[in-house]
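First chain A sits with chain B, and in the next complex the same chain sits with chain C.
The block that comes next holds the complex of A and B.
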């Protein structure tokens, strides 16, 4: 049972069952680790900004680095007009990053390996960006689906293709994060299982693989949070500056 | 005050070093891995979305399997378009540097 590599993705209830109008709102292990990530982020930012030293302490340095990292990313990809969206992108990046990193700890649960979590995040981005585009440009936002210089005969086909490619955004955004985390954690577990079944004699090779894969997974955990944030910036850029 | 001045000169030197590193393109390794992961899923996602729309419309108009096939092909086109767009974006970015 414990050797089953998919066992780690099971969501189970912690505490009493809460049912409101037939909707199951019970507190699960997934909600627990989301809360842990949120508390970690809040405490990092709280303690990082508590003492404003001229020569920053380590924790202040991490806080300031994450701030400038996101601020620079927004400025580079979406321009200065997207500065108002800094809190949104920063929250998104930190949440995904901490969920991924907390998931790397032993005995913890990787929240981002659940597609409903990543899809909810991607849907928030998608709906938010679409609303922003309509607020900023009004009905002209639909020009996004009509590329310039296309013959009128081809236009109906091109518009349908453009709409499909627009709708594919949240799917690709969520599936990318979910698939990377799911595959990585499954692979770690499979190699971990090899260590046990091969025993003291042959277990060293898969053990070294597991160590290497853990390093790779930490890189992927950071990278996926980065990709999630930078794609949000690119979509914001499309909505704010109306580019194809 | 003397301490502060010393720090500011050291900061200047460090900044120059970082700028020099960025110009030689040492830090682009991580972001190119990110780009590779990004493009691969974009192609798949558009095909999935296209086929799903076709399937739903088929159920609605009762014209199985005609619209599914049409929208599958358009989904493939949209996927290639997405990859093309992001590749173009990358090229433009490289030109700036």
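The block that comes next holds the complex of A and C.
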């Protein structure tokens, strides 16, 4: 049972079963690790901004670095008019990053390897960006689907392609994060299984591979959080600065 | 053909997607290196873009994994 590489993604109930109107709202291991990530983020930001020193301590430095990192990213990709969306993008980035990183700890659970979690996040981004675009530009927001400088003959085809690619955004955004985390954790478990099956003599080779792959997975965990945040910024840029 | 065997073959075929992802990642890093050799002073500024391209290309290959999983478990 423990040798099955998919076993680690099983969601099970912790504590009492809560059923409201046929909807299962029990506290699961996924919700537990989501709460752990949220508490870690809150405590990082709380302790990082508690003592505001001119020469920052390590924890204050991490907090300031993450703030400037996201602020610079929003400014570079979506322009200064997207400053109002800083809290949203910052929350999104920190939540995905901490869920990924907490998932890298042994015996923990990677929340972002559940498609429903990443799809919910991507749907929030998609719906929020669409509403923002319509509030800012009104019906003119539909110009997004009509690129400038395209010959009239090609226009019906281009509009259909643009609409499909717009609707595919939440799917690709969520599946990218989900597939990366799923593939990484499965690969680690498969190589871990090789260590056991090859035994004391040949097991060292896959063990060293596992160590190297863990490093790669930590890089991927950060990179996917970064990609999620920067794609959100790019979509926001499309909605705020309508230009073609 | 047995359905189980066809599923296995289909899931295996879905891993061909990795060929395209490998080409893509190779292109990104190769082009970054050749660009960085020509103009080393501009290389550091483009490093975030390199990582972004790497992550996007890698994810394309992983869509193949999702297809394999759908074939194996959803049907």
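Note that the second predicted complex is superposed on the first by the 241 of 244 C-alpha atoms of A that agree within 3 Å, B and C clash if a C-alpha of one lies under 4 Å from a C-alpha of the other, contacts with A are read in each partner's own complex, and residues count from 1 in each chain.
Basically, a residue touches a chain if its C-beta (ideal position, glycine included) is under 8 Å from a C-beta of that chain, and two chains touch if they have at least 3 such contacts.
Nothing here was measured: the structure is a model prediction, and the numbers come from that model.
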Following the overlay on chain A, give me a clash-or-fit verdict for chain B and chain C.
clash
Tell me which touches more residues of chain A here: chain C or chain B.
B
Applying the touch criterion given at the start, work out whether A:216 contacts chain B, chain C, both or neither, answering first, second, both or neither.
neither
Once the shared chain is lined up, is A:161 touching chain B (first), chain C (second), both, or neither of them?
first
Should A:55 be classified as contacting the first partner (chain B), the second (chain C), both, or neither?
first
Output check: A:146 vs chain B and chain C. Expected answer is one of first, second, both, neither. What do you get?
neither
Classify the contacts of A:179 with the two partner chains as first (chain B alone), second (chain C alone), both, or neither.
both
Please indicate which partner A:227 is in contact with in the superposed arrangement: first for chain B, second for chain C, both, or neither.
both
Given 3-11, 21-29, 57-65 or 75-83, which part of chain B has C-alpha atoms clashing with chain C after the fit on chain A?
21-29
Residue by residue on chain A, keep only those touching chain B in one complex and chain C in the other, then list them.
172, 175-176, 179-180, 223-224, 226-227, 230
Would you tell me which residues of chain A are touching chain B in their complex?
54-55, 157, 160-162, 164-165, 167-169, 171-172, 175-176, 179-180, 219, 223-224, 226-227, 230-231, 234, 244
What part of chain C is in contact with chain A in the complex they form?
51-52, 54-56, 58-59, 62-63, 65-66, 69
The answer for chain A against chain C in the complex is residues 172, 175-176, 178-180, 182-183, 220, 223-224, 226-227, 230
Going by the contact rule set out above, which residues of chain B touch chain A in the complex?
4, 7, 30-31, 33-34, 37-38, 41-42, 44-46, 48-50, 53, 71, 74-75, 77-79, 81-82, 85, 89
